[in-house]
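Two complexes are shown next, each including chain A; its partner changes from chain B in the first to chain C in the second.
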Partner chain A sequence: MNRYFFYLVVLFFIAGTAVQQVVYLGAAYRGSLMSLLLAFAAGTLLLAATVRMYARFPRQGLPEIANGLLPRPLAAPFLLAQTALWFVTGAVPLLYISEISKRYINPDYATNEPLALFLAVIVFLVNMPSVKLLYFLEIILIFNVPLLVLLCFKSYFSDQLSSYSMLEAASRIFEAPNYGAFSAAFMLFTGCTALSVFNRSIAPDPAKMRYLPLLSFACFLLVMTAYFIPIGMFGADGVAQVNYVWFAVADTLRMQYGFIDRVLFVVLPMNILTTLAFALTAWHVGLEHWKSVWPAPRTVWGNLSLVYLPLAAMSAFLFVLENQLGFSRIARYANYWNLWHVPNVLIVLLLLWLAARPADRAAGGTGN
Partner chain B sequence: MEGEVTVETSVQAEWKRAIAERFKDSEDFVYKQLKRGGERAEILFVRTAADWQSVYEKLVLPFYDRNIAEHYEDYAASLPNRVQPKNLGDAMEKLAEGHVMLDTGRDIHMFVFRNQPQKDIREAAVETVIQGPLLAFSAEVDKNIMLLRQRCYQPSLAVDLMTVGSRSKTHVALLYDLEKADPATVAEIKRRIREIRMPVVQAVGQLSMLLGESPRSLIPRVLVTERPDRATLNLSQGKVVVLMEGTPFALIAPTTLFDFFSSMEDIYQHYFISRFLLILRYFAVFICLTLPASYVAITAYNPEVFRVELALSIAGNRFAVPYPAFLEVFVMMLAMELLLEASIRLPKAIGSAATTVGGLILGQAATEAGLVSSIMIIIVATVAISNFVIPINSMSFAVRVAKYGLLAGATLFSLLGLALGIALMIGYLASVDSFGQPFLKLFENDDRHVKTTQHQAGGDVRHSEEVS
Partner chain C sequence: MRFLRGLSPKTAENLVKALIVAALLFFSDAGFNGYTDIEQRFFVLAMGIDKGTEEEPYEVTLKLSVPQPSLSSNNENEYLLLSKRSRSIAGAVAFLKAKAGKEFDFGHMRIIFIGDGLAGEPWLKTLDWFFRRRDVQNVAYVAVARPTAKEVLRLHPDYERIPANAFLLSFGSEGTESPYIVSTYLFDMHRNLFERGVDPVVSIVEALGRNQYEIRDSYVVNESGGKLELNAVETGLFNIFLMRSERSTLVVDDGLGMPFAMTADEIHLDYRFDMNPNRPAIVIRGDVYAQMEEASERVEPQRLADFERRAERHINEKMIQLLVKLQRNGFDPFGFGLRYRAAHMDQESEWEEWRMIYPNVSFSSRIRVRLSGTGTIK
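So, the complex of A and B:
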């Protein structure tokens, strides 16, 4: 079932771009292009490594692997850390899209209203079986990828695109990379790490992954589009001043002959749905990690509280955050949060490698 | 059903044993021994496929007729409808097709006694097609099994007869393809039928709820059809068909969402035509669900979504309307639902009058009086028409109700409510099961309807290995 793996990777790109773009565009004169290229290389390696690692553990998720390798006092904190990581990973775009909804759909929304709506849908759906979540993802992406393609093409052929700005940005390719921009772009490639739960239900076969280079090439195109198009539209200096870059770009474009004039309103539903799916996936992965820490509850109430207590806590936390901090500060903290992705991925890969070693030795080193 | 020990060659015994084994799950299979003095003969046939009246007259009676009995072997050999099976497999298929097997002890004969379609079988009225099989199920279970047998000459078709209702003892037949159907699903459906404790069960819709479909669930998960060809197709796809005495409809389970949007004509038409029709249908569902909601969301909250000319023209149209968009939509939707309901309940002669009065006069007058905008009338009409495009009635009703959910979402939370409402709907559909099978899942289920069922089996097997 390789195609579901494909969806996971693509989803992180589509949903993550709007958020992460701000970071690496902000660093346009501080080596962000080099960081992007490095992140692309690292992300492609990560993609290949993750698939190969998990292929050695058919039908097992990270919780099972970790519990098998580590003693419980080590495994439980590790899995709780993963839970927290995934929950926050899902929450950042959620806060972002809730801010966007207030700006672009209806300024009359109460502070927490869009967030509450998103959370209501997520809490309702997040506990469904992993396989069905993937079916849901598939549908969401099938609806939305054409819209993304439309956005890209409209922007490529827009006459507001200044090739001088883009060349100016491109000429800075040899500037030393910047870790903040690198980790922001690297986050986009972490979709494959969702295998930590989905490996239980899908089994991507590395031997059948001939399209993996194609996938990473498509991701590369998307990253480059998301980097150069805003710069071409607003200038390398101007782009740092724009708050919601992706949406500002979309709102620059017009469709001459449609019912809908502004491309923004085609892109907005796409972003709403993909962000929702992204947050849903991330929280689902977090929730599965969380469930694996505790012994299986015996009563219905135990089960309900095991699932919905962390969700309620997280929702309350987000409400408070949104109320107290305001968006710009949240965005800044979210950037610090990005820095954590690289070490985390390395830790998880190390763990997988350690867990796979004895298995390989037993199998006479036949793993690929 | 067990073959009894008679003096006969081993080949005959082996054939009969194999046949009895093959048909052991078909309760309409008859394995009868005729005895007269020392003479024995055995008759094997499928009751619903063969014409048992003729079997009785041409084969059973002569066996006891003093004049013929002495030459019964010759009599059987000289019957004009005698055919020669090529091998065991051929014999089984012929039996399923409505042939009768007679073992006189010395030889095996097969005769054509196919049950011809009865004159009193009515044409399909609910699910009509333009070019395709016209007949619908009738109210008798046996006749319906016969209809299916005639379409699907497979010895692997299993027939399980049961009764439901502690007082009504309504006959129910469970049909499935032994080679295709998932045994766990069949066992689950059988178990649920056996567990029904209602005193009286009268309609398949009622049965579908008793089978465990939640009465509170808006989305039907059991397909109700009146078309034997649809039932046959679904049998060949490994689904279970439930027939019920007294109801000219069959239940099909498990289902996927796409089953409810497929018309039988999709596979009777050429590829591009059927694809076009399918796309049209899904488009209609989308329109029906979202049009009223987007009207409210856009006119009331975000007129800037539309291009200026369109937004102005809508606003100009709504100029005379004295209340907000959601009220306008609710009022007109209510009028439309009333009209639909009235035209169903009324006698046919008055029905058309009601539609004219309601649709034309009311719509026209309401616009002129400035109570609703004329764009609203267009929307209502579009929604109603797109609702009729859905081929399966139960799904059509579900969509009819579900659009109010989206409407409420859009009314309260504008475009965000609409988008999240759609997401919630898709998520809910993706998360539910129909008898253990995923209800909404793209591609693999969808293709079954449009392609002929040649190579899907392989795909399904591969799929079940890798997921779930």
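So, the complex of A and C:
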């Protein structure tokens, strides 16, 4: 079942790029390139470490591990914090695509209209079994990845690409990295942390994962593409002026002999679909954490309210957020969410390590 | 409430889902309205901005296509020209919308004309509306219109079957490939106006009478509103330098013999910096592979070398003249400054350094011309 793990990692990259790109391109003159390189190193380590750690707990998710290791007064807040983080992780890209839909599909949408539609999909699908969700991802990625690769190549071969702008950006490689850009790029590598729930159903085998650095590298190439192509199209100085970078770049490409002249209209549904799948995955993981905090309800209606009350509450919360703040302000606050990825990942890894240790000692003991 | 207890878990879950989704749609005011039907829209095919008066600095002209029942050969190339002066472009468009009675769709607008009078104003200010609108294509062409954008938009070439299509054939690579046309996209303008170290170049479309136009000259502009006109030869050289036009025709008429013309098949050009602190220089070298296209008399194949040398001298001289002209006026459409920035790691000082260096740079051009033949006759 290793291939489903692969999908999780790739999905985070494809869906996260459009959102996070804005952060590190905005910091284009404050060491963002170095931050990206460091995030690649850290992300590859994270990938290897996470797979190895979860391999010690076959068919167990983070909730079971945490409940086993920590006393309940500690485990419950920990899992609730995880729930909150996963919900926010899904919510930010969700708000992003609903903003994009309003901008590019139909400006006359009511404020919450696209969000309501996306939430409807999520409400219908989020509580399905983890394995089915993974099948769903597989199909979405099979449709999207070839198109994405094609468009990346198309943009590389565009004769409008300014290579000296890209070189100018590359010549800033030795600038001191900044944490905001690092954290935004690091988030793209956190697809593996979704194992905290999916480890129950897929249990990837690290022995068969020698290609993991390769996967990480391929994803890194996508990150580099998403860094340099916008700079080549909008200039090293001008790119920070652009709000919806991925879509603006798509709009600089033309397919004269394709059925659709403006590449934007190919990229738009593609990106909305992957981002929706991403939000769905993140909320699914959050929901599983949430369920694990509470004792299993005995009635059907108890079970349903446990699942759907937080979903309804989150939806209502996002509605209010979008109505009251508007996207530009949400995007600014979302940067604070970005800062949490690194500490959170470290805490989870520490917990896994602590939980794995006694098992080691016991294994060592029997060996002697 | 008894019937709720009798539901299977699956049905109960579906019921809850449906209720939540209904609530979502209800509270989001989703009416799925606002989408204007295609018959209730005017498609803007081209747009022009001219300089207005003191109080109303912009005169906006829209070229709208008039819907045709069917595309048959006796169809007229029908269009509607709407024009309005206003303080802002957005204001003018809003007013014209009220006048037209239909919604405007800018999604098919592929060309933007800026009147000659506005070419000397800060371009970022003029183009802001276009950059900001989401439905304006980033791959729309930008050009200067002479005498005014309104005049140029009014043109009605006889061979044109769709309004404003002739311009698209001129600027796009599907139609003509001319060395005198500089195709500048909207996003290109955005990039080169913001980028320090490179200045955008835009073609000038000149209206000739009722139904003809000419694209020969071009402007180099900068973000502060400076402009410098390049004539046809200089525009051609600009395109050669960027290796954009591979079908350039070069006419050599230097008084040293019979004048002749050649057409370039292939152009490879490159330059390097020679940053000697006392005497900074930019050395251009490259090869132009060409064919003889026209000569007034018989050309002996043995004498090809003479023609090559004359062509070389001619092209190198012209190139240096152009570079010096640009340098004197403080323009840099070739992006020397950007390349300098790309090659230097010291981020704070490089741009200031370059601004000190550029006025003192000397140019040398060592372009070689290779004539591969004399054409189908000698």
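Note that in this section the second predicted complex is superposed on the first by the 364 of 368 C-alpha atoms of A that agree within 3 Å, B and C clash if a C-alpha of one lies under 4 Å from a C-alpha of the other, contacts with A are read in each partner's own complex, and residues count from 1 in each chain.
Keep in mind that, in the parts below, a contact is a pair of C-beta atoms (placed from the backbone, for glycine too) under 8 Å apart; a residue touches a chain by one contact, two chains touch by 3 or more.
Owing to the predicted nature of the structure, the values given are computational and were not obtained by experimental measurement.
Trainee: When the two structures are superposed on chain A, do chain B and chain C clash or fit side by side?
Mentor: They fit side by side.
Trainee: Contact-wise, after the overlay, does A:Asp237 reach chain B, chain C, both or neither (first, second, both, neither)?
Mentor: second
Trainee: Is A:Phe186 touching anything from chain B or chain C once the two structures are fitted on A? First, second, both or neither.
Mentor: In the superposed model, A:Phe186 contacts neither chain B nor chain C.
Trainee: Angle at chain A, chain B to chain C, CA centres, as a multiple of 10°?
Mentor: In the superposed model, the angle at chain A is 100 degrees.
Trainee: Quick check on the superposed pair: does A:Tyr29 touch chain B, chain C, both, or neither? Answer first, second, both or neither.
Mentor: second
Trainee: In the overlay, answer first, second, both or neither for which of chain B and chain C A:Ser101 touches.
Mentor: Once the two structures are laid over each other on A, A:Ser101 reaches chain B alone.
Trainee: In the overlay, work out which of chain B or chain C sits against more residues of chain A.
Mentor: The partner that reaches more residues of chain A in the superposed model: C.
Trainee: Mind working out whether A:Ile140 is in touch with chain B, chain C, both or neither, as first, second, both or neither?
Mentor: first
Trainee: Now for A:Tyr308: first (chain B), second (chain C), both, or neither, which partner does it touch?
Mentor: second
Trainee: Does the superposition put A:Ile202 against chain B (first), chain C (second), both, or neither?
Mentor: So A:Ile202 only meets chain B here.
Trainee: Does chain B (first) or chain C (second) touch A:Glu113, or do both, or does neither?
Mentor: Once the two structures are laid over each other on A, A:Glu113 reaches both partners.
Trainee: May I ask you to decide whether A:Leu268 touches chain B, chain C, both, or neither, giving the answer as first, second, both or neither?
Mentor: Touch status of A:Leu268: first partner only.
Trainee: Report, in whole Å, the shortest distance between any C-alpha atom of chain B and any C-alpha atom of chain C after the two complexes are superposed.
Mentor: Scanning every C-alpha pair, the shortest chain B to chain C distance is 5 Å.
Trainee: Based on the A-chain superposition described above, do chain B and chain C contact any of the same residues on chain A, and if so which?
Mentor: Residues 106, 109, 113, 117, 120, 124, 262, which sit in both footprints.
Trainee: Flag every residue of chain C that touches chain A in the complex, lowest number first.
Mentor: 4, 7, 9, 12-13, 16-17, 20-21, 23-25, 27-35, 107, 134, 137-139, 172, 174, 185, 187-188, 190-198, 335, 338-339, 341-345, 347
Trainee: Under the definition above, what is the set of chain A residues touching chain B in their complex?
Mentor: Going by the criterion above, the answer is residues 1, 4, 101, 105-106, 109, 113-114, 117-118, 120-121, 124-125, 128-129, 131-133, 135-136, 138-140, 142, 201-203, 258-262, 265, 268-269, 272-273, 276-277, 280.
Trainee: Could you list, by residue number, the parts of chain A that touch chain C in their complex?
Mentor: Listed in rising order, the residues are 29, 103-104, 106-113, 115-117, 119-120, 123-124, 127, 160, 162, 164-165, 167-168, 170-172, 174-175, 233-238, 241, 248, 251-254, 256, 262, 300-301, 303-304, 308, 311-312, 315-316, 319.
Trainee: Flag every residue of chain B that touches chain A in the complex, lowest number first.
Mentor: Answer in residue numbers: 301-302, 304-308, 310, 413-417, 419-420, 422-424, 426-428, 430-431, 438, 440-442, 463, 466-468.
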